[in-house]
Structures are given as structure tokens and as C-alpha cells.
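Chain lettering (A, B, C and D) follows the sequence in which the chains are written, and residue indices restart at 1 in each chain.
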């Protein structure tokens, strides 16, 4: 669950989220690159490792507001990652930061709005539709599951857990898809039968959020 | 993985140091990872920058110099450069006549250059135009997908628009020319082996000793299909036929490039070019100019790509114009 | 074996057809396997021919053209050309001022050129002189053996004597110059992989994934010793140290070439050159000119060689003189 | 033994020798290249296959004399082989041809003189000493054995058989040598422990002579 005293998500928890994502891309970086080898150019893992290492340096002294924190994350990703995932994850956090504004903490509903802005940013930047076999196929279902859980009375932690589970299902669903966006699309039918690397990293991102908000951690 | 490198994480930084040491006629901004002409072009001329992931050398840094690019932005291996790099280069090379971005059609490159253009325009008011090369006939062209990859044609385009900028054509004219070149060029590639991305540490794909990949790009992506290894005469047909099927090249003088992927030695490229030239002659394509060598590579991949550009007197004149870069040099 | 070739027995004939198709500025005599300038040089000038086994492209055909060679005789892969080829070329290029043979020091090359010189002199009275390049410090120099191999220095020598011949120096002067270059240059090579001779069909030697060969030549010969694979910084030391130990290069401006063996992509050569340049600077060697790229290759071998030539103002002037070949081009 | 009627070696037998050598380099070409891979440049087999194929075409209509025949062989090898072995084997046959002159057949003593001139030609061209790990380490002993057999009363066939056996021993003796001539010398001490490819092909050459002169063939 979110901060037990106030029911809200603190900046420290958001930094915890980032740290958990950094740890996850380190742990699964080789696997992400492996997925990218099959239908891409074998760099997705190293791209995110480089980006999240830069992010954790950038947020060592966290800024004053959630908005400033998330924008800094976005800007760092944009300027350190490159490739497709740099602008996409960068825009995710830049838009999240804009939505969060001056707030110093987020309640579950505010977090929903922030996540919605973030995912809409990915779509605005990448112009992917659902089913195109991209990270959006994990992020879209995650956002919907978060909202649905919230509507059924869950707190931020519970909603994030539901979102992470939905992301994982979305990721798995990319396997039989034929890619229509990103470099996997160049393979045509040969892209079928492989999980999209961006959907896998996006699942790690949402999973990291669920882990950071769970108290005590659901999945130690 | 056997490579002449230090830490795989530092390949780009290390290569830029080598480029700087090897080419006093270039200036390297190590912070932003941009390669500039040491001597900027004169005021009032359109500037041209390109860039993309590293691992395609001599592209793009090898094409910086009089008659071609003003700057090249180097991304990590196979990873497009970031918007701040491109924005920095854009602002630096502008001589008051605007800047053309030459971008290869990959989602990452397109998005990063797009963001860079927004940044540069907002920061400094530089007028930025973009041409996105998309010449790879191995990819189905469709508005529902990312479209075709930009591959070998990028080299020919950079040469031609570079000459136009040098002779004083304005940004609109240079953009129109770039579009014209982009419309008239097609490419196709094959690979005998995968490449190995340094950070990945192992080949991107496994290719049995008796098979090759047809329709590869320049990032070690698997191609469109795998076929049995064939003699050069048949490989030539696998390159020539789809290129000519996609665009009739019999009508106008052609500029032809047979490009090596990095791990293929020149003697093999010549063997293959002999077959390609024969097929082009049989098909009635009037080859006016030709390049055979490593121009846009894919790390240590063994393989080759063919690019055919339908030209006219104007394009040939710009092609023949002086160029003074480490990758292409003539007339100077 | 994965190569872009047809029948392994026809590699040379096929490559010559490709060279002819790729370079209208060259003329290929397929019967004698000689590559000529399409436009012979003017009467009264010394002519320069070279040649050797194929598989080292662009050497030597890529260095035929104004400012460098008049003809190149192509042998089978890694097999020196035969005396009749060389004699034919010698007679054809003579413009009345004699012919210099540039020969790399291998028993086969030396004997075949020797017989050719005898033939040409007997048949047509052409005055023939020979310089035998022998720059490889990996080989112990001794009068009891075949002596040192001729490797990378051959490229630099052909450029410099080519310029001297073009400006009208007579045969004695050109021979003396060639000897001066030969005395002042040293090379050293390493390999990460073996090459595969087409007719042999498999790698000449097996090199484990974690080892490299130090002191290789350009024929896929095993080197002097095998050491664990090392980062570029250490590889650079393996090249620089023996070269400088054999000849002090601190006294005069140096022309430096870092050459790729054919299977090594340019990005790696730049990484390595960054380290080489640093070591040369540390050692106080004043690098005046540099080449980084594939100039004298060993089929598809991955690896590199370093050549350092101690120059002077005269050699630098000849180095900078115009050259117009597919392998080296500037000043034209 | 040599021609049973006259005790001399005919031109037809000499052509048989060449054909046997051609067959031998075809059969053992891969092995010769293998030996050359270890301490050379992996072309000795293909060099000799190319050369002997050209020779057999050139002698399809054999010239009028032994001298002309052998010179033609030499010239063909010189112009078709290249490398070290082209001039060396070429000179071997050119000098043999000069020594044979206008003769239309050779008796055992004349053959001895021809072989001596041939081997001296190799030495003149290559300047190798015995023990330098070259073809001379097979050819030298072969020549001595031929002469010795002749002196002890053998005919040409018997002397050739003795020469072939000596060549084989000479070939085997190159294994522990350090090469001082040819490209194997570039390896320094690493050339030790490998049989010299040229000594192996020279052994095939002398063995082919013994086989061609043996009647009925000693080794069918």
C-alpha cells in the first residue's frame, strides 16, 4: 500500500520506484537485449541500463516537487538513452511531471492522472495503436487496470499491483502479434512469435511501481 | 566476442578519440559527441547535419567535410543520438541559411531528431528542415507501419545535397533536392553473418554455415528470409532484382553503390560487383557512376548492400562536384 | 566458408571483372591479369609497377593511377604473380625512362619478379630496378634467412615513389628514394582471427575465442606468439613498442598508418588508433600524417597492423602530392 | 624398371611421370595445403594442382625431344604457378630440359645428369642450404640416393625407387627443423614440429618418377 500514515505516495516512494526500475533493468538487461536481438538491434537492455544509471545520479538530490522530479527523470532519459526508447520513456516522465506539477506527494487519484498523462505522452510521441506490438501494449492495459482497481476501492498500492499484473499479461500478449511500429516492423511476419522488448521493460517499470508502493513489499 | 576495443561501454567515446587523432581536419566535441569540420563553411550557406547510431562507420563522421556534411551526431552503437546532441550541432553549424537534418528512417532516429528540431527552433530560432531517407526495398512500404528503413541511399543523398549546399542553393531548394534523391533511390542488403553489438557481447542472430539472410538492414536485424548460401552470381540477382522491380531504373543514368557491411573484404565486393554490373547491363540500366567499398556498415557483419539511384544531368553534376571527407574524396 | 564468391578457383578472374566494371579509369588485361591506368603516364617518366598475391585489396590494383602505380600484377590469392605477367606489364608501362618494381619481401615474389626482370630486359631492353620492401619487425632480421616480410610500408612507399616518378625524377633517384623509405619504415601486426583462403575452404589456423596472434603478416600465416585477448590499449602497446624499439622514431616527423586486415570494421580501427596515437605522443613521436583504414588486407582476417615511417620535409612533400587512385586520393 | 626392351627411359614414360605427379597433387593437394596452413599461407596444394593441370594440357602433344618436353613443363610451371614453388619447380624442369637437350630418350646415367641439373637449378634459384627446411631437403637426398643406386648397379627404375625412399626420409626429417628459407622462416621457432610442404610435394614428384619407371608398377 501507499504511505500508511497519509494514504498518499511520497516523493521518497517515487525515488524508490526509480531505484527499483534501475535494479530491474540491471537484473534483466541481458534478457531485454536478448528479446531485442530476436526482432530488433540488440540494444534495449543497454539503452535502459545507461538511462536509469544516469537517472539515479540525476535524482541523488531530489527536486522540490513531484513534477520537478519526474521532469528531471524525463529529461535525463531523453538526453542519455537515444533510440526509440529514449524519447518514449523520456516523454512518459516529462508528461508525468507536467501533470504532477508542484505537488509534493500524490494521492491515488492524482497518481492515476499522472500515469494517464504519461501513457498518453508515449502514444503522442510514438503514434502506436494497441496491437502494434510495442511498449504501449503493456502500458495501455496497465493504465486501465489501475483505473479499474481504483474504481473498485483499491488504494494506490493495490491499483499499482493490478496494473503490474495487467502489464505482464499485455507483454505476454505481444508474442503472437506482428509488429507494425518500431524496428521490429521491418521483419514483417518474422516478428511474430517473439515478445516485444519494450513491452517487457514497460512491465518492469510498472512492476517496480507496485513494489515501491507495497508496504511491506509484496515480493521481496 | 573478439573486438579491438576497451570496455564495451566506452566504444563510442574511445572511437571519437581515435577519429579526432586520425583527422586533424575534423573537430570533435566529446561532450556532445558531435563531429564538426574544423573549418566551418562560409556564412549564408545552408548547413547539413546527419547522425545516427554508431557502428556504421565511415557513416556519418566520415562524410563530414567540404562538399558534404557540416556535422555528424554520433549515438551509442545502433542507438540514435539524443535530441540535445542534435540541437547543439544544429545551432553550431547554422550559418544563417538554415539547417537540413538528414535522418535515416528508424523510429528512434525520427523521434530524436524531431525533438531536436523543436529544441533548436525554440532555443535559437534556427530554421530546420528534415529529410527522412527510406530506401530499403526489403521492407514493405505501408502507411500503417514505420515504413521503409533508410540505408545506403543516405550516403548518396548526403553527397548530393552537400554539393548543392556548398554551391549556395537555399534551404528550400536543398530540401526539394533531398526529396528528389530520396524518391529515386532504392537499396537491398544481404548478410552472411550476424554482427556482434559490443554491449551485447554475442552475435545478434545465429546463422548456420550454409545459410544467409536476405533483406537485412544495417543494425544486425534479422532479414526478411533465410536462404541457402549461394554463389555471388545468385546473390547479385537477390540484390538487383528487387531493387529494379521496385523502381524502373532503365530511363536515366544510374549512380550505383555496392556497399560492404564491415566484415566483408574488398576482393569479395569486387567479385560481387562484377556480377551486379552484368545484371544491370542485361537489364538495360545505364550505370554512370559507381562506388564499391565500405560506406555504411553494420559493425563486423559480413554481407553487402546494393543501392541504385536514378539520376539526371543535374544530380550527376552535383555528384561529381568536389568532396573532401575521409569517406569520399574527389575533385579537390 | 562464407564468402561472396563463385567458384573458389575463379576468385581472381571474377574480382578482376568487378574491378574493371567499378573503375573506368583503369584498364584490365584479363589474360595477363594486369591492372593498368586507362590513361598511361607521359613519355620520359619513370614507370612503377607492383604486384603480388591477391587477397590484399585495395593493394595493389587500388593504388594504380596518377601519382602512384602505373600497373599492378595480380597473382592468385596469396600467390605471387608469374614472371610472364610482370614482364608483360613492365614492357607495357615503360615510357623510355625505365621501370621500378616494388616487391614485397617473400621468396615467391622476389623470385618471380627477378625472373620477370630478366625476361623483360632480354626481350625489350627496358631498364628495370627493384626495391624489396622488408618492414615487419615481427620477423628477426638475419642474412641467414629470407629476412623480414614486406607489409604495410609497401603502401606508403608506393605513394611516395609514385609522386617522385610523376614529378620527373629519374630511375636512379626513384630507386634511391625507395631505398630511403624502406630503411625508415617499420610495421607490426596482430590478428584476432585467421583468414580463410578460398581454395583451402577453411581457416588457415584456429584461434580460440580468448586468444590473439601477435606478429602476423598478411597471408594468414601464424604469428610469432599467441597471447590472451587484450583490450585495445594493450593491443596498441603490442604494436607500438616493437616498432619503436626497432627504430627510434622521435627524431623526425612520422607518417603513420593503422591498417585493418579486412574483417575488422572501421569503428574498431578508430578505437585502436586512439590508443596508438596516445602511445606515440607519450613516446615523443611527432606524427605528421596518418592513415586509418583498410589498405593492405589479408582476406577476411580480423586484426590490424601499424606502420611508422620516419619522414623529412622531402618525403612529406611527396606524400602530400596529388594522388588519384581508388585506394588513396587527394590533391586532385 | 625402365623400358624393358632398351633399358632407357622414353618420352612416354616421362609423360607418365608428369601424369602420375599430376594425379598425386590432386590426391594429396588438401594435405599439402594443410601442411602449408601450419607454417605458410595455405596455398601449396592449389598452386601445384593449377600448375600440373596446365602442364598436362601443355604436353598433350609432346614435343620432339626430351629437352623440349621438360622445358615446356618448366615454362608452363613458371607461368602458371607463381609463389615460391612456381619458379622453383619451373627452374627444376627448365634446367632438366637444358641438360637433356635433343635426346629422345634417356639412359639411367643421362637421367642422373638431368636430375642433377634440375636439383642444382632449385638451389641456384632458391639459395637454400640443406637443413633450411625446404623442398631441397627432399630433393638433395633423392639425388644422392639415385646416384648411389646407380653406382651399385641399379637401373633407372631401381635408382628412382631408391631416390623416392630417400626423398620421403628427407621429407620426414624436415619436421624437427627450424625453417631458414621461404615463408615458414618468418615463424622462427614456431616452424619447428611441422613437415615442410615443399619437401612433401617434392617427395610426391620423385615417387611419381619411381612409379612411372617401375614396370610392372611397384605400387599400383
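Quick notes on this structure:
Keep this in mind: a residue touches a chain if its C-beta (ideal position, glycine included) is under 8 Å from a C-beta of that chain, and two chains touch if they have at least 3 such contacts.
Small disclaimer: the values here were computed from a predicted structure and weren't measured.
Each chain gets one centre point, the mean of its Cα atoms, and the points for chain A and chain C are 55 Å apart.
Separating the CA-averaged centres of chain B and chain C is a span of 29 Å. Separating the CA-averaged centres of chain A and chain D is a span of 76 Å. Chain centres here are Cα averages; for chain A and chain B they lie 33 Å apart. Chain B has residues 77 in contact with two or more other chains. Of all residues in chain D, none touches 2 or more other chains. Interchain contacts link the chains end to end along an open line, per the touch definition above. Pairwise chain contacts in this structure: A-B, B-C, C-D.
Considering their complex, residues 9, 53, 75-84, 106-108, 111-112, 114-115, 136, 138-140, 144-146, 149, 197, 199-200, 204-205, 217, 219-222, 224-225 of chain B touch chain A.
If you check the complex, the residues on chain B that touch chain C are 2-7, 11, 14-22, 54-55, 57-58, 62, 77, 192-193, 209, 212, 229, 231-233, 235, 258, 262-275, 277-278, 290, 292, 294, 297, 299-300, 302, 304, 329-332.
Within the complex formed with chain B, the chain A residues making contact are 33, 37-43, 45-47, 50, 78-88, 125-126, 180-183, 185-188, 190.
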